[in-house]
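Sending over a structure as structure tokens; questions will come in a sec.
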Amino acid sequence: MGSTIGNNFVVTTFGESHGLNVGAVIDGCPAMLELNEGDIQPQLDRRRPGQSALSTPRDEKDQVRIVSGVENGLTLGTPICMLVDNKDQRPGDYKEMSNVPRPSHADFTYKEKYGVMAASGGGRASARETIGRVVAGAVAEKVLAALHGISITAWVSSVQDIIMPDIDLLDISRNLVDKTVVRCPDVDTAQLMEARIASVLDDGDSVGGVVTCVCQGVPTGWGEPIFDKLEASLAKAMLSIPAAKGFEIGSGFAGTLLRGSEHNDMYVMKKYGLGTVTNNSGGIQGGISNGEPIIFRVAFKPVATISLPQDTVDYDGKPVVFEAKGRHDPCVLPRAVPIVESMAALVLADLC
Amino acid sequence: MGSTIGNNFVVTTFGESHGLNVGAVIDGCPAMLELNEGDIQPQLDRRRPGQSALSTPRDEKDQVRIVSGVENGLTLGTPICMLVDNKDQRPGDYKEMSNVPRPSHADFTYKEKYGVMAASGGGRASARETIGRVVAGAVAEKVLAALHGISITAWVSSVQDIIMPDIDLLDISRNLVDKTVVRCPDVDTAQLMEARIASVLDDGDSVGGVVTCVCQGVPTGWGEPIFDKLEASLAKAMLSIPAAKGFEIGSGFAGTLLRGSEHNDMYVMKKYGLGTVTNNSGGIQGGISNGEPIIFRVAFKPVATISLPQDTVDYDGKPVVFEAKGRHDPCVLPRAVPIVESMAALVLADLC
Amino acid sequence: MGSTIGNNFVVTTFGESHGLNVGAVIDGCPAMLELNEGDIQPQLDRRRPGQSALSTPRDEKDQVRIVSGVENGLTLGTPICMLVDNKDQRPGDYKEMSNVPRPSHADFTYKEKYGVMAASGGGRASARETIGRVVAGAVAEKVLAALHGISITAWVSSVQDIIMPDIDLLDISRNLVDKTVVRCPDVDTAQLMEARIASVLDDGDSVGGVVTCVCQGVPTGWGEPIFDKLEASLAKAMLSIPAAKGFEIGSGFAGTLLRGSEHNDMYVMKKYGLGTVTNNSGGIQGGISNGEPIIFRVAFKPVATISLPQDTVDYDGKPVVFEAKGRHDPCVLPRAVPIVESMAALVLADLC
Amino acid sequence: MGSTIGNNFVVTTFGESHGLNVGAVIDGCPAMLELNEGDIQPQLDRRRPGQSALSTPRDEKDQVRIVSGVENGLTLGTPICMLVDNKDQRPGDYKEMSNVPRPSHADFTYKEKYGVMAASGGGRASARETIGRVVAGAVAEKVLAALHGISITAWVSSVQDIIMPDIDLLDISRNLVDKTVVRCPDVDTAQLMEARIASVLDDGDSVGGVVTCVCQGVPTGWGEPIFDKLEASLAKAMLSIPAAKGFEIGSGFAGTLLRGSEHNDMYVMKKYGLGTVTNNSGGIQGGISNGEPIIFRVAFKPVATISLPQDTVDYDGKPVVFEAKGRHDPCVLPRAVPIVESMAALVLADLC
């Protein structure tokens, strides 16, 4: 259970890291929408490892294949199943781990829950699980753009203590984000981040950071009150991403330092109707979009898999020194950017 | 829509601030559990306004009434409906607002979504909506305690920049929390917080802060992978609370400053089985509980309703100086404590 | 679990036969709809026992009370909670049954499932459970009529082997149906039915029959393909009614006797667009409404509670002669009519 | 929407008749269950066309492929995706239909709902859609047999007015059912049915009939009260099968002819606990299984596609004589047998 998200734009993902396929099925995509693999592949390429020296050398040339729900380049309104082959299967890499639960990984909890775990590579707890999110998210983005002119852009706003200075969030485009391999739109900050990641990689260690995301063009009135507030659904979607540890909307934790008189967003008449002068609310009030940009931030922990030896115990409690042999990113942040965008797209597409 | 939470322990809340009743229905509560109003009333009393000089003088002596699902003090396994009367109805208080959307409130977004809004007091966006959460949460806590020995304790860990020093989280009981009216278990910090809130109240302003929550006794294996990760469900539940702006599990945003070698939780054999030395994971790995305490924090913005005049516009865009006349808390944090506990209980009860 | 129906117009019912209240909560009712108790009470009166000599003398003057979701006679778009008091509580009537599972009742299965059962009267398996369906159904009918001009009419088409002759289904109105206490629109047949029921009542026995229902004005395109076909949702809703044993749409079981060349519904151009000459499909093709009237039939078994002595065994397997002492209808059909209409309304309101 | 069934054993099917793949994803299958393609293929072979002279000559050698959720022959508890290739694609066969909605098919309603329809062969309204049901149902049957010893057997009990005589339902095995190509376990009746179908095929016409199904070994206490009664869920599942027009549980429509004193199932002590002497309830009381065999019947209309010319109109209302050119069964009943079994398995697996 747990592999399905959404009530109207319903996405189910499937696939272990080292099985035949990973993929997703979307039920509820509107009919008559132009769609082909070319709409999906670019975002999948942004997610793929091996894009730069900062990432794992595992070279996964993931290609998406639409096997249902589209005919003659048009969606039919029926379930869209998308498949990606698992080509680069090297289960041998993971053999040494079999009796040791990797620290801060899901090995132990999966074994407790299921009594069994994919013998190789993490199964559904592997990073390859996110392929299903990204291919479905790319379709969701297409729907949002085509029907509502909504755009979603995320970027790396901090790596450890290297924090991007404030710039106008609305000036940031995906092109700008992709100008640096670390996906930070401020070039100076990006250089510092890249140096930090390279240094950490040398050390056999890893680092975390924060991704910021802005959704523009969301109409007023999206989201439900009480338990299905829009910010609540976004929080769930973001915390469902592997390695995510925190979520904040608008002013977030920093907002707790302000007084109400500083924090309240005053109304003002704008071209298209009522808007707010500031946006501490992050585009949502009472769980419902107010027409301002939706802005949120997601915290990612440092990658759990590191080359440094770790003093832990095996499943029987016997002390061992654990050294991971696999191929791993020292920092997931650059590749998390399209995943954050995809999850935001899935949440919004479910509401339109 | 949006007034239902849960798939197995399914809770639906209802009721406007100034209608006849507020309440909740629970479907999926196990049969044969001892339950009566006395199990629910204490938590409801902790939520109620007017508990101290820090809170609104509106004196709501909310009494819960179980009208179905229980017979002879035992649950029947059938839906439990609980009602609380709305006694203190003074719609006149809110009249001046009718043509002005209150800044950082849900007036504007509700009107955009529904075309109508409860003429008085905020309707479902009122704080009284949380009564349904608390009465249902109290039943959930009873289930969790009876069937699994799980306990949940939350407290105010910061008000603006007044931050409680680190103490052993597991030593904090509800009794200790309730020793101070601000519900901060560190007495010195509590005094500072109370002074701050009193001062802000004098100014006609408001403040926010952070609530920390610990769930102890959750067995391993709870939660689902991928989209329904336990931390994701908690994040959604917490962000659904009025005024919540952020959520973090375990190390949270602070964890982004660490390296993997500092952040990873090493395994160790404990009395009852494998555990971890540190708990940066916050008791959850890969979306599934690992047997360690579940620890998370929720950011609450400063209350939107303040007595200070605010320069805003009415629905027609005409500039107005808005001054709220109603009765309002300068700080929701103390009363948010039982709400956070209730939402945590609803999430966990849904998994057992 | 199981007390909720619908995904968009979501109804949860609650209440045991002899608790404080029975009722329902609707989440998802559109805002800005005129609604008051007067819209609901008539259908509730049609459901109530004691309407005629054919029915139980238990005189339940059920009055519905709307306690949330409506203000100044307009729906708010928020959950509508409706309550009906249980006034006529006589648990003593049922005492003799405590150690004997009543034949063809749910006593045994509830006890197996929950380990406990409402000590009196059947709990949720009582006929009073249907009050929640009817009050919610009345709101659904109001929505369907106001937004789409849809009308729903059901009637008793057979009692045992007394079968109403074919008349034009579309001529049958609720007024016509209510002209006879047995709710059969053909007066001659109604007289035969009433005589049969009276005779069966004298014998201390009971009878079943069939209710036919027609929904007019449903637009084309309602319903989903595959698992959520409109006829499938109707089938589920109807089989969820106490004592229902069968469902058929359009030609139903009789259609199995025909050849395809006799059964197929040919298209023809009508005023408003394409329609069909015959309606063996019952208004639905491939799970989706085609604009023709939706016609279905529901089989109800003879009431399980009879006065005649029955040779059965108690929970320990000891043979007993069971004689029911309570107050019971010899035939549920007349009172099932508004329940069938209500369930049809809930299914349709969920799709609009 | 509508391509998902179940809350715990959640199945989503996908695939058009003439796309690349049809298939299904199961989320919620228990871990540690032995499973491979050999468990699924036999039921898929029973569904496939071209099994006998009674069926369409379209030779679909459908082979199932498990692409996720299983490793080393064991289920992982993660989503199981199964694919079947569409090999025999001849869109040309269907070309003549493009401007004529086929009588009693879903062409018209799909076009009304989606504005577009698969240009060839019926898209999701094609019989190939049922492949997803059957491969998922085969896994469900494996779960039910392995964990609970439940077995499910269906057969053709009538074709038009040729009705199988009463025999002890519990003596009927799948082997016996498969002894005749028409899947009627009474050989004499089977011969009559086969002759009828052959004759109808010669006429270019089609016939319908009834499938009866028995589920043995279902424990007491399965199913939920009120809206999710077990018989209600079965009714929905069965009415979701293409061409199904009716459902009855236990005594069904025939039960409406009896008196309560004839219809009630008396209790008796059996080896394993309380049981009933008769089984008019069909193994379910109050929506919950009582331990007796679950027995139900499903009515299937005559196949809509016939070779005989039909006087209908095109989408513009212009009269046309429609003659279907494709390859079609004169009677779906024999191939419906594994589909009915599969849907029953999906309903039951969702409850265990």
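Which chain is which? They are A, B, C and D, in the order written, and residues in each are numbered from 1.
Here is the rule we use: a residue touches a chain if its C-beta (ideal position, glycine included) is under 8 Å from a C-beta of that chain, and two chains touch if they have at least 3 such contacts.
Note that the structure is predicted; figures quoted are calculated from it, not measured.
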item: Common touching chains of chain D and chain A; value: B, C
item: Maximum centroid distance from chain A, chain identifier (CA atoms); value: C
item: CA centroid of chain C to CA centroid of chain D, Å; value: 27
item: Inter-chain centre distance, chain B versus chain C - centres from mean C-alpha coordinates, in Å; value: 40
item: Averaged-CA centre spacing for the pair chain D and chain B, given as whole angstrom; value: 47
item: Multi-partner residues of chain B (each touching 2 or more other chains); value: 1-4, 13, 78, 113, 124, 225
item: Chain D contact footprint on chain A (complex, rising order); value: 1-4, 8, 10, 12-16, 19-23, 25, 27-28, 31-32, 65-72, 74, 76-81, 83, 113-119, 123-124
item: In the complex with chain C, residue positions of chain A that touch it; value: 7, 78, 225
item: List of chain A residues in touch with chain B within their complex; value: 1-5, 13, 101, 103-106, 108-110, 112-113, 124-125, 129, 158, 160-161, 200, 203, 205-210, 220-221, 224-229, 231-240, 242, 244-253, 255-269, 274, 276, 280-282, 284-291, 299-306, 308, 310-313, 315, 317
